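What follows is subunit A paired twice: with subunit B in the first complex and subunit C in the second.
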Partner chain A sequence: MLKGWARKMAEPLLRIEALHIVAAENDARSVVDRVSFTLESGEVLGLIGESGAGKSTIGLAALGSCRPGMRVAGGVVSFRGSDLLRLDERGLRRLRGSKIAYVAQSASAAFNPALPIGEQVIEVAYRHGLLRRDQARAKALELFRELGLPQPETFYARYPHQVSGGQLQRAMIAMALCAGPELLIFDEPTTALDVTTQLGVLAAIAEVIRRYGVAAIYISHDLAVVAQLAQKIMVLRHGRCVEYGDAEQVIQAPRAAYTRELLAAQAPSAPLAALPALDPERPARLLEVEGVSLDYAKRSVLKQVSLGLEEGSTLGVIGESGSGKSTLGRVICGLLRPRQGRLRLGGETLPAGLDQRSREQLRAVQLIHQSPDSALNPRQKIGRQIERALCCFTTLNAPQRRARLRELMAQVELGVELLERYPAGLSGGQKQRVCIARALAAEPRLIVCDEPTSALDPLVAQGVLALLRRVQRESGVAYLFITHDLAVLRQIADRVAVIKDGDVVYQGALEGLLNDPPGGYIRDLLSAVPELRIGWLEERLERPAAGDNENVA
Partner chain B sequence: MVSAWIDAARRPLPRLIGTRLALSLLMLLVVSMLIFAGIQLLPGDAASAILGQSATPAARQQLELRLGLDQPALSRYLSWLGGMLRGDFGVSFSSGQPIAAALAYRLNNTLFLAGCTALIAVPLALLIGLWSALHRGSVLDRGLNALTRAAVSLPEFFSGYLLILVFAIWLGWLPSSAAVFGEMPLSTRLYFIALPCFTLILAVLGHMANMTRAALLAIQQESYVETARLKGLSPWCVLRCHVLPNAWPPIINVIMLNLAYLIVGVVIVENVFVYPGLGQYMIDGISKRDIPVIQACGLVLAAVYIALNLLADLLSILANPRLRHVD
Partner chain C sequence: MSIKHLTAAELVAAAGLCLFLACTLLAPWLAPYPPDQVVGFSWAAPSQSAWLGTDNLGRDLLSRLIWGTRISLVVTLAAALIAFALGVLLGFIAGLRGGWIDQLICRCSDVVMSIPTLIWALIVLSLLPKTLPMIILVLGLIEANRVMRVARSLAMDISTQGFVEVARLRGERLRWILWREIFPNALTVLLAEFAMRFIFIMLFLSALSFLGLGIQPPTPDWGGLARENKDGIIFGVWAALLPGLALACLAVCINVIVDGVLSRRSTPGARPRVPGLSAALPVSSAVDVQAADAEGVGEKNG
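Right, the complex of A and B next:
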């Protein structure tokens, strides 16, 4: 008996051993391939990898859960000595929420839209019989206060759609903590947030981990974020563990080649490898936006925005979500009509509405969407979709179009065999390349790129950015590149415009923005981007920036 | 829930409801025009239908004069609409009696039949939908699915006669005719409408059950339902607290659509079972070219239909916090 007790004491909080999860319909396809690790109380493990690497699947397995379409083929998930994979539903329910809690990637999807936030936060504690309703409520209010949520009492009664994404993500953390768990699973909790919001949420997570001494698994594709929180890091690829070690070692002395690749993709790259030097004489203005204003309902989204873009160059438009940057892109494409203001393309007036634009003008401005999944028709073959653009905007005959299709596919570095496939048969990066090919088919003078890499994994995004740069060098097309990611901006933009609440607060050279931040907002934006070194978060929180009070409690 | 309703009263919800109400009235006006115009286009004229083929032109002319058929269409429409607004439904051509009294009696019968059907069919459909959503893919789920689909596919004039054959003729348990009359006690009345009621249940049950199941399954894919499960809540709690509140709007809509069908679509069943309801009254009116009766029935049925859809709209709004709590 003493022996049993001793073994229980020696047992770590969580022990995952040779965890093997396969696709339900095909046993040969491993989603997680024999992964092992242990986690002690109060320890934080970072799981790193691209989408499809099996990070979330491991996170859910730590709760004894498995998404539909997958099956646990073997292994052990032992929490305090009991194997979750062999526990019955009732036993699992006792642990879930109360001992092991889950923080989902998108809080806005993870909260029930029909219930007040507070009700959902206290649910675990009082339904598991751990606290009475009023006690649970008091606990929730305390957590809201600690997490820096404004007016906890009011917030408690609000519905998910009434609060911001960052606040909802904090509420999700409160929901996970309310029953006093010993292990938290964070499944990319800041991926959907802006950098400044992310900073606040990261600080809140670091604080609750420290204060409550809980263990955590932190899942992310962002090494810099994980480096701030985790003591150990595991790098995953295709379900296999490629590297597992102390955070310091993985970041400073990575052993696996794949880890080095990931680190390189995230390193603050020396601004743009060999951008073509612009012509010594000032190049001609291609696009001019003059005093454009636009309202949604009664809310003003764009306020007197004026911008200029030179022939063959790239203007990066950066701002947080809701700043109006995508709206601006849609105005330029003619998809939205501004309330006032004018557009000029190559010196000629560009009418506001699509139906007033000539075919030539329609051809000249193309758009690449954020999500290639929804930008391609799932029921049409790739070749047909690109050819459609050729039919619309060129006078080529059928054999010429076929030749041009091959040319375009070569230009975006895709094999011609993909022309016969449907979008479902392509990866995310391939789909975005198809979208680029479709835009190029029109031989445009300007492409509006609306966050074309934000839905892609870092390495794939690198490839797409390199492609866009090469295409620009070869064809002289200009880009209006919309992004919320400064690292991306550094790699592609010649000039930048910073948009805040529908206002252009900075416009000029990229160097000017990076070297000598002129305004408080831009400085905050810059300093909120996590840096790839351990201890950055603490340093950053010790010297708060001007705009932090609303984000960091 | 009550607090939410009180809360709703303070929000711009009244304006939303006001808009829907105004739109419904407008729609009813348009429908009244369509009904009137439609009847003008019908072949044959009332006077010949009443007097028979052998009537002299003089007699026909006199009758038309008496019925007001010599007036231009627009003025007839306006006087009809004006009468309707005052609650005066006009006088039947064939019987010479005011329509309002007969219509009220018939509508009452129809509502009784539809109400009895709804009382059984709606809870049953919800239960079947819930059960099959919870036990998705089980043998009983697939069996119920096939059965309800089969019931929907059978037209009422077929399933009605089938039921008469089995329960009235072979087994002799139930009467084949549902000819109820005024002073019948409730129990006898229920006994008489059992077969038409059963026929209508077969017609609407499948649709409601299937849509309930589909709505619940769609909500179960949502990320917040996964979150609720990962919070260790019991399956019943997940269903009651997280799935159902979000599944109500589509379910309410399909229930209301079927209730409307129960009232508007009973024409066939009433005829099969000789039930003295609104549908039969209308068919009688059509065969006798009794224009005021047809118009009155058409308008009442349209009003019921529009009212039920309005109710579905309003209930969906109340069930949706995004619409209830507008910032």
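Right, the complex of A and C next:
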């Protein structure tokens, strides 16, 4: 008996050994291929990789769960000595929620919109009979306080749609902690948040991990975020472990080439290629936005926005979600009509509505969407979709169009064989390249890029950015590049405009913004971007920037 | 797709559907007697000469059922096609254009919907001549209203997708956007709706005939057959239940087939669909379809 006890003590909190998960379909693809690691109490393991690398699948396996369509082919997932893969549903239910808890990427999808937040937070503790209702409520209020949520009592009774995304994400962390679990699984909990909000949530996560001494698996594609929290990091690719080691070693002395690539993609302090120097004499103004205002249901979204963009250059528009930057892009494209203000393209007035724009004006302004999935018609072949743009905007005949299609595909570095495929047969990066090709087919003067890389994995995003820069060098097209990511802006923009609450609060050269950030907001924005070094979060929290109170509140 | 890939249920359903189609197309040759020929006593038991027995006037029940299938199916199909052509067109235009066109179409539809469909049909058909084309038209117009609601919400969901915006930025005409961008992506839901709607129209037609306002005797149809033989139930004659049984079989066959088609109609180029991960169907439209179905069922029960 003593022996058994000793064995139990020697057993780590979580031990995953040669975990092998395959797609249950006919082709037995390995989703996770023989991954092993152990986790002790109080330890944080970061799982890093691109989408499809198997990070979330491993995270779910640590709950003894498997997505439909996948099957565990072998391996051990042992939590405190009991193998989760061999437990029945009842045994798993006893562990889940109370001993092992899960924090999902999208809090808004994880909460039931019809119930108050507090009720959902205490549900696990209360249902499992771990705490009485009033105890659970007290615990939830305490957690809300620790997580920096305003007025815990009122927050408890609120419904999910009444609070912000960052607050909801914190409420979900409270939900996970309420039953006092020993292991937390964070599945990209900050990916959907703005950088400034992300900072607050990261601080909250770091604090609760430290205070409660729980173990955690932190899944992310962002190395800089993981570096703040994890003691150990595992880098995954195609379901295989590429590198596994202490956080410090992985970040400072990566062994695998793939890790080095990821690090390089993450920390591009200087533009990858030198931007083409603008002509000494000022190039002609291509686009002018003059005093554009727009309201959505009486809420003012754009307030007297004025911007200018030169031929063949890139204006980066940066701001948080909800700041009105995408709305501005849609006004320029003609998809939204402003309440007042004027647009000028190459000196001529650009009508507000699409139906008033001439074919030439339609041709001149193209749009690249954030999500390439919805920007391509799933039931039309790629070739047809690009060819349609050629039909609409050029006078080429059929054989000429086919030749041009091949040219365009070469220009965006895609194989011609993709023309015969449907969008579902392409990867996210390929789809975005197709969207770029479709925009280029019109030979536009201006492309409005609405966060074209934010839905892509870092390495793929790098490729797309490099492509956009090359296209600009070759064709002299101008970009209005909308983004929330400063690192992206650094690589592509010649000039920047910062938008906050529908106002342009800064417009000018990028260097000016970086070297001497005007105003507290931009400084916050700059300083909230996680840096790729261990200890950044603590440093950042020790010297709060102006405006932090507002974020934490 | 070869027969090998069909499930057992789909094979049975396909066979059933073929039988109904055969009855429709080949009624004059399949039926042993003309529909209105008296072959024996009224409500005679099944025999060698009349396999299913006779009806209230001594006509062969099997022959009348086969002829009735022909009439019921043709009228329903025509009405369903009218309902879908009109409903989808109006719904797409309303959903895509918005503004006053949307308001006009929706408010008109509200007016039509505010009166129960059966009452509508009763009023219209008691005023107008009860000819076949008129019945088809009335059924089609009334059901078009419901199809319109589904099509509108589909169009609204799909029109917010990026590829429709890109089409608008290209300056595409309404026709192109409707038929090339929206219709192919709405087809899955519309097909499911068609299978349901077809059966509801059939039920509706049968109800009208049962009340004497649908297809007029002596032309046989399923509702009429039930009405003519309803008094026989008291005497233990089950002739009135036969058309109901036929209708139930048809409903099951059509829905099994359409479900089979839908489950195979995953997005082109995608891997086979993983169970549990729903297709790229806009949520609100799916809810809308369910709502429309629930409403339809409730109404039929009431």
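One rule holds for everything that comes next: the second predicted complex is superposed on the first by the 548 of 553 C-alpha atoms of A that agree within 3 Å, B and C clash if a C-alpha of one lies under 4 Å from a C-alpha of the other, contacts with A are read in each partner's own complex, and residues count from 1 in each chain.
Here is the rule we go by: a residue touches a chain if its C-beta (ideal position, glycine included) is under 8 Å from a C-beta of that chain, and two chains touch if they have at least 3 such contacts.
Since we're looking at a predicted model, the values are computed, not measured.
K.L.:
On subunit A, do subunit B and subunit C fit together or clash when superposed?
P.N.:
They clash: once the shared chain is superposed, the two partners overlap in space.
K.L.:
For A:127, decide between first (touching subunit B), second (touching subunit C), both and neither.
P.N.:
Only subunit B is touched by A:127; subunit C is not.
K.L.:
Touching A:109, do we find subunit B (first), subunit C (second), both, or neither?
P.N.:
first
K.L.:
Check the residue A:425 against both partner chains and state whether it touches subunit B (first), subunit C (second), both, or neither.
P.N.:
A:425 contacts subunit C only, not subunit B.
K.L.:
Scan A:359 for contacts with subunit B and subunit C and give back first, second, both or neither.
P.N.:
Second partner only.
K.L.:
Would you check which partner chain A:144 touches, where first means subunit B only, second means subunit C only, and both and neither mean what they say?
P.N.:
Neither partner.
K.L.:
Kindly classify A:334 by the partners it touches after superposition: subunit B alone (first), subunit C alone (second), both, or neither?
P.N.:
second
K.L.:
Is A:69 touching the first partner subunit B, the second partner subunit C, both, or neither of them?
P.N.:
A:69: touches subunit C, not subunit B.
K.L.:
Should A:378 be classified as contacting the first partner (subunit B), the second (subunit C), both, or neither?
P.N.:
second
K.L.:
With subunit B in view, single out which of the stretches 109-117, 145-153, 163-171 or 181-189 of subunit C clashes with it after superposition.
P.N.:
Answer for the clashing stretch of subunit C: 109-117.
K.L.:
Where on subunit A do the contacts from subunit B and from subunit C line up?
P.N.:
Touching subunit B in the first complex and subunit C in the second, no residue of subunit A appears in both lists.
K.L.:
Which residues of subunit C touch subunit A once you look at their complex with the stated criterion?
P.N.:
Where subunit C meets subunit A, its residues are 161-163, 165-166, 168-172, 180-181, 184-185, 267-272, 274-277, 280.
K.L.:
Looking at the complex, which residues from subunit A come into contact with subunit B?
P.N.:
60, 63, 65, 92-98, 101-102, 104, 106, 109-115, 123-124, 127-128, 159, 161-162, 175
K.L.:
Along subunit B, where are the residues that touch subunit A in the complex?
P.N.:
Against subunit A, the touching part of subunit B is residues 222-224, 226-234, 237, 241-242, 245-246, 319-322, 325, 327.
K.L.:
Hey, which residues of subunit A end up touching subunit C in the complex?
P.N.:
Residue list for subunit A touching subunit C: 25, 67-69, 333-335, 354, 357, 359, 362, 365-367, 369, 371, 374-380, 385, 388-389, 392-393, 421-425, 438, 442.
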